[in-house]
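Have a look at the structure below before the remarks.
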Amino acid sequence: ASEQPAEEPPAEEPQAEEPQAEEPPAEEEPKEPIRIGFFAPLTGPAAADGLSTSNSAELAVEIINESGGIDGRPVELVSYDDGLDTKQAVSIAQRLTTRDDVVAVVSGSYSGPTRVAAPIFQDAGIPMISGYAIHPDVTDSGDFIFSQSFPGQVQGKAGGVVAVDMLDAKRISIIAVDIDFGKTLAAAFKDYVVPKGAEIVSEDYFGMGDSEFAPIVTKLKDEIKPDLIYMANYYGHGAEIVRQLKSQGFDVQVLGTEGIDSYQFFEIAGEDAEGVMITTNMNRDSEDQATQEYIKTYTEKFGIVPDMVGASVYDAFQVLFKAIGEVGTDPELIRDTIKDLKGFKTVTGELIEYAPTREAIKPVQIQIIEDGAYHYYEEIDDLEIITPEPR
Amino acid sequence: MYLTVVSVNIGIFILLALSLNIITGYAGQPALGHAAFFGIGAYTSAILTTSYGMNFWLSIPFAFIMAGIMGGFLGLISIRMRDDFLAITSIGINFVVVAIFQYSDFFGGSLGISLKRPYFFGMKVTATGYLILIGLMILGTVLLILKMKRSWFGLALSSIRNDETAAASFGIDVNRYKVLAFTLGTAIAGMTGAVYAHHMTFIYSSDFAFIVSISILSMVVIGGIGTIRGPIFGAILLGAAPELFRFFADYRMIVYGGLLVFMMRFQSQGFLGYDSVLVRAFKKLFPGGLKKKEGEIIG
Amino acid sequence: MLEIKEVDISYGEMSVIKKVSLEVKEGELVTVIGANGAGKTTLIKAIMGIKDITSGEILLDGVDISKLPPWKRPELGIGYVPEGRRVFPNLTVDENLRMGAYKVKDKVKARASIEKVYGMFPVLKERSTQLANTMSGGEQQMLAIGRALVLEPRILLIDEISMGLMPILVNTSFKIIKELNDAGITVLIVEQNANKVLKIAHRGYVLETGTIAIEDTAKHLMENDTVRKAYLGG
Amino acid sequence: MLSQQIVNGIMIGSVYALTAMGATLIYGILRILDIANAGAYAVGAYAGWYMYSVTENILLAFVFAMLFTGIIGVLVQKFIYFPIISKPNVIAIVPLITSVGLFTLTGDMLRLIFGPNVKNMNMTFKINAVEIGNVRISAEWIFIVLLTATLFFVLWFILNKTKLGLAWRATAADTEIAKTMGVNVHISMALSYVLGYGFAAAAGTMVGVLYNSIYPTMGDIPSYKMLAIIVLGGLGNPLGTVVAGIVIGLSETLVSAYFGSIMPRDVIAFVVLIIVLLVKPSGLVTRKNT
Amino acid sequence: MGELLRVEGLSKHFGGLKAINGLDLTLEEGETLGIIGPNGAGKTTLFNVICGVLKPTAGKVVLDGEEIQGLPSYKIAHRGVARTFQISKPLKDISIVDNVVASLGIHEYTGIRSLLRNSHKRETVDKALEILERTGLLEFKDKLAREVSLGYLRRLEIARALATNPRLIMLDEPCAGLSNFAINEVIDLVMQLKSEGKSIVLIEHNLPISMKVSDRITVLNYGQKIAEGIPEDIRNNPQVIEAYLGEDDDIA
């Protein structure tokens, strides 16, 4: 779907057609566009997530332009593929800061590329919002760098709340992917549940490309016998784990994370996905109109259901639009505005504010899979839990 | 700035390609895990500067030595194994090294290591600074290889590449020279790694994965194995490819893969290899222009 | 039967065979002798189709075969003993021989031919499961000869039969060639051992730096002064 | 648990052996370490998926996948590999780089055509899992083991018992002389690619069914793991490949079951490889010679 | 003149095959020893064992009073033993002259230090050219080894052996594949080496050559010595005739 070449200017017609209330009639020259940078892994192993995020980016820009742009100025997306390669991310960041004249940037990429790009934006004084990168060092690069998702530590803790406080699990097994995402979540989860008296009876880590979980599942079933499995991994892994559980006939509650918040999880796991719970940021059953609208337009436009990474990136754009709309294109003002943003409605729930570490504070959604879809189970908005600890 | 950063990236690849060429081009040893040594250098320097507070500049020789020592071990293995066995074993070593980086907390584990920009006489080293540094390293490496080609060392490597039994029959300690070639090549990669780590300010195990080794090898072969100009050209071409091919947007990996296939199909000597179309044309245009200097070994 | 007409062959820009014409009649035993580097091997390779010719014709039974792919040639009954043995190194002796019989459709017949070769060179039979590259130089040469014979060719191209063979076997192999020829097989043989080969050949050509210098009957060649001096060691 | 884990290991091992069979064949014949075989594996999986989604017939899906990919194999060898390896003095790395290029190309082509997201077959075997004592073997797994055994046998038979196999080995040893013995190298190599890529396609489809997911980068891990397997097996030896696949499958399973996460799963294959090769530099199974 | 090389109870087995089987041999300094014997008698294997390419199954190789069996072949080369290969092993992708230069460097390969020393000094190249001249290769000096014909590769073997300036030269069928004219050149060359006092071991199936240059001839069969003596005696030895020469030289 992202056949669009990187720098193709956005469609200009909507502007002309839309009746523009506050603007003087259309005789005026089209205003200089506001350029916003974006990068994501459109090729390589993370291409599926890259596609989700770039779809969202496109959609966000399209919608804002349809509604007349910001302050009458159209928004132009300057989008790059980083191929999930840090070296490319560095060049892209340089390009965005020195050539493309962008006022702000959204990262739709993983931690590695986002982390190496961050200091470059910081040095150039251009705000960057990372959609869903989990690495704690990303926002450490400086005050221009924000993260739109709650940090891994918060989500891990929230998982702990679900496991021990809601589901009353006593013997818990952890299966996590061995990258920053899985490791951070597993650690935070452990930190929360162990003091509460639950026992971590096993921990298994595996590589990104792994798809074979029979040995682990056999071990859990025959020997460990946990009463809950916490999975900090992605949809491919998660789906295979639940399929294995089913095929070996092991009936146990599974708690996942935003990593399996993707329609692809059902595609693979099918009926075996039923009953799995996840912590994530988007509430599919939300009554919020913007959320439902986003889900609907996204699905219509791209023929697939949006997922968590896409939603996060969409929100990052909303935050930027809001800030630019308020203070214009001065990067420092944008930064200050974002920093002070409070109670902002996004498609992933209310953004309460940014923590001093510039990571978003927002409620954690607990969703459960029923009838082949994610549904509302609970929401954690206890500030104690959802506020990242200072580092 | 953008160009500078792209040039630094390319420069890093040039060093990697030149150093791999010592092992694969001159000594004829198929080494498919060069990125591991690049990584060993990068991690050595990163650990020294972050955990032990060492000065960046001082960490470079350490990275050089550390990677060289580890490369020497691979050299020792190469004595026992030939050809494809060695090739795949070196891939294996690449995986093992990356796994160690990823699995041990000492190396930052799955969070990688974040680094600070180094200083040069009180000034933060900028991209331009790195470019100059890399440029000097390339210059040094090229001079070293030039020297090597005209030396007995180079002749020994060529002999080994051609026929080990014959080489031994006129007094070459094949094992020793293989280990030396591995040590030298990997040490240069290690030194490059030190610079890379600080230039990126963040390293993570997968930066040194097998796929990187393959890209380096492709650069050497596409440019023209066993020459100096070849790896340099290959590194420039393939190193710049991600940027050059941005134009192709979604098709760029296809263009990249296609380029590899096309080049190998029609110029398997490499673009600037000894018998490539370009070089032959050049020789025709300027007879004597590219004349082999006495003592330049590779044919 | 085999006729080479005005053939040119080159490596890159260096021409090594220049307008060479030669002929081998049905049932004849013809030899090409010449100094090292004269182009003998190149010529044989061209007849076998593994070296391209730049111009000229190679006729077998009056048909130009120079464009024919090499693997069609054994079908036409051409057997080949390559220079420097070129046995398949990591195939066993028996497998090498079976490769020689690749174009023999009839399995029983192929086996019989192989047994015949084993009869000629008993050491091959003893070593039938040894890998070819671990055989001694002379043993490999026997294998190379045997491999060409199992095809039961109509015409045999031989690039140095005696290389590395012990005297008794040099004699044997020339004897075999002679017998085959007597039995009607046409032979074109390149050989350094001019003394011996001229004794069994009908006619001979002397190749000098890519051109035919002399062409005559074997008998005349043996008496020819230049030939005697340069090739017969006397 | 041990017996179940051993069964798990053997099952996974057969998937590995199955995946590496095509590459083994190609290496055995052409001495090419054909990373692109993992591309054929992915292409085959997509071809199988496509056929299955159209016809709902798994047998047809397999046949189509093997044929389609086999034909691609022939084209690839005819227009790319063959011209390359017939040039004089090409170094062994050249075909390797070519195959890397091809692999990149196919992976991204699949992404462009089918998108980066997973596809699934949603195919359930109608047969129930077999339970022997407390060991449970699902129907898919039994099918995989049978498929691996069949392909192994076919390959073994061709290589050792037919003229074609002999010609393949001779061509690998000395192409030029093989030609003069009457081997039509075009045909024999085309056949090797039909089989080599066809096998890969069968493996890809089977794995697609097994894990119910097909995606453009599914060949990434097989691309190098199969290299480890064919080398461990002694290079180009089908029996070696089966043994090596099972050794690796078992090692991975047992390490993961009894030692937990001491190292990434993919590395286990290489650790086993390095240890075995240091002890026995010619691989697990070597051809007997006197 | 003392004893240069002694082989004592030497055996080399390949599985069940006894390629060399309890062989004793001696070579005096300055002597030329011819070795003949049927195909597969173990001649090349003997060379390979002496030169360290193969490790013996049993027995000793004594050079200059020191046991050298089992030493790696480069060390044996350093002790002044040079050999040619029956099946040529040229350095294919470098030029003929560089093939010889490489061999001239026998004492220069000292590890990393050799990186600093130029391999193509005037003297070295001149020396190489001189050797090429002696072996009739001069006109091919700039060709790559893979581009010259088989006969010249055979000569290159000799040239390379000479370049190491050995005390003991072991030639494995140096004349195989050579034209008559070239054979005479090789004979002259060997005679010259003899007169320079070099010790030579020569494997050669072409008996007249062997007889002409050898001081003594040893006959091997099945890895054992079956006869030894001056050339005339060997030629008339019935065992040699039966196993090796054949009754009748006339085939026409």
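A, B, C, D and E label the chains in the order they appear, each numbered from 1.
Note that contacts are C-beta pairs under 8 Å (C-beta built on N, C-alpha and C of every residue); 3 or more make two chains touch, one makes a residue touch a chain.
Owing to the predicted nature of the structure, the values given are computational and were not obtained by experimental measurement.
The set of chains touching chain A and also touching chain D is given as B. The interface holding more C-beta pairs in contact, when C-E is weighed against A-B, is C-E. With chains reduced to the mean position of their C-alpha atoms, the one farthest from chain D is E. Between chain C and chain D, the centres computed from C-alpha atoms are 42 Å apart.
Spacing of chain A relative to chain E, judged by their CA centroids, is 74 angstrom. With centres taken as mean Cα positions, chain E sits 41 Å from chain B. One simple way to say how far apart two chains are is to compare their mean CA positions; for chain B and chain C this gives 48 Å. Shared interface positions of chain D, defined as residues touching 2 or more other chains, are 108, 261, 264, 266, 290.
The multi-chain contact residues of chain E, meaning those touching 2 or more other chains, are 93.
For chain A, the set of residues that touch two or more other chains comprises 43-44, 178. Remark: chain D residues 163, 166-167, 169-170, 173-174, 176-185, 287, 289-290 touch chain C in the complex.
Those residues of chain C that touch chain E in the shared complex are 11, 34-37, 41, 83-85, 123, 134-139, 141-142, 160, 163-172, 174-175, 178, 192, 194, 196, 199-200, 230-233. Those residues of chain E that touch chain C in the shared complex are 14, 36-41, 43-45, 86-87, 147-152, 173, 176-184, 205-207, 243-246, 248-249, 251-252. Residues 1, 4-5, 8-9, 11-12, 108, 111, 115-120, 122, 129, 134, 136, 138, 211-213, 215-217, 220-221, 252-254, 256-257, 260-261, 264-266 of chain D touch chain A in their complex.
Within the complex, the chain A residues that touch chain D are 1, 43-45, 47-48, 50-51, 178, 202-207, 209-212, 214-216, 218-219, 222-223, 236, 239-240, 243, 247-249, 264, 267-270, 304.
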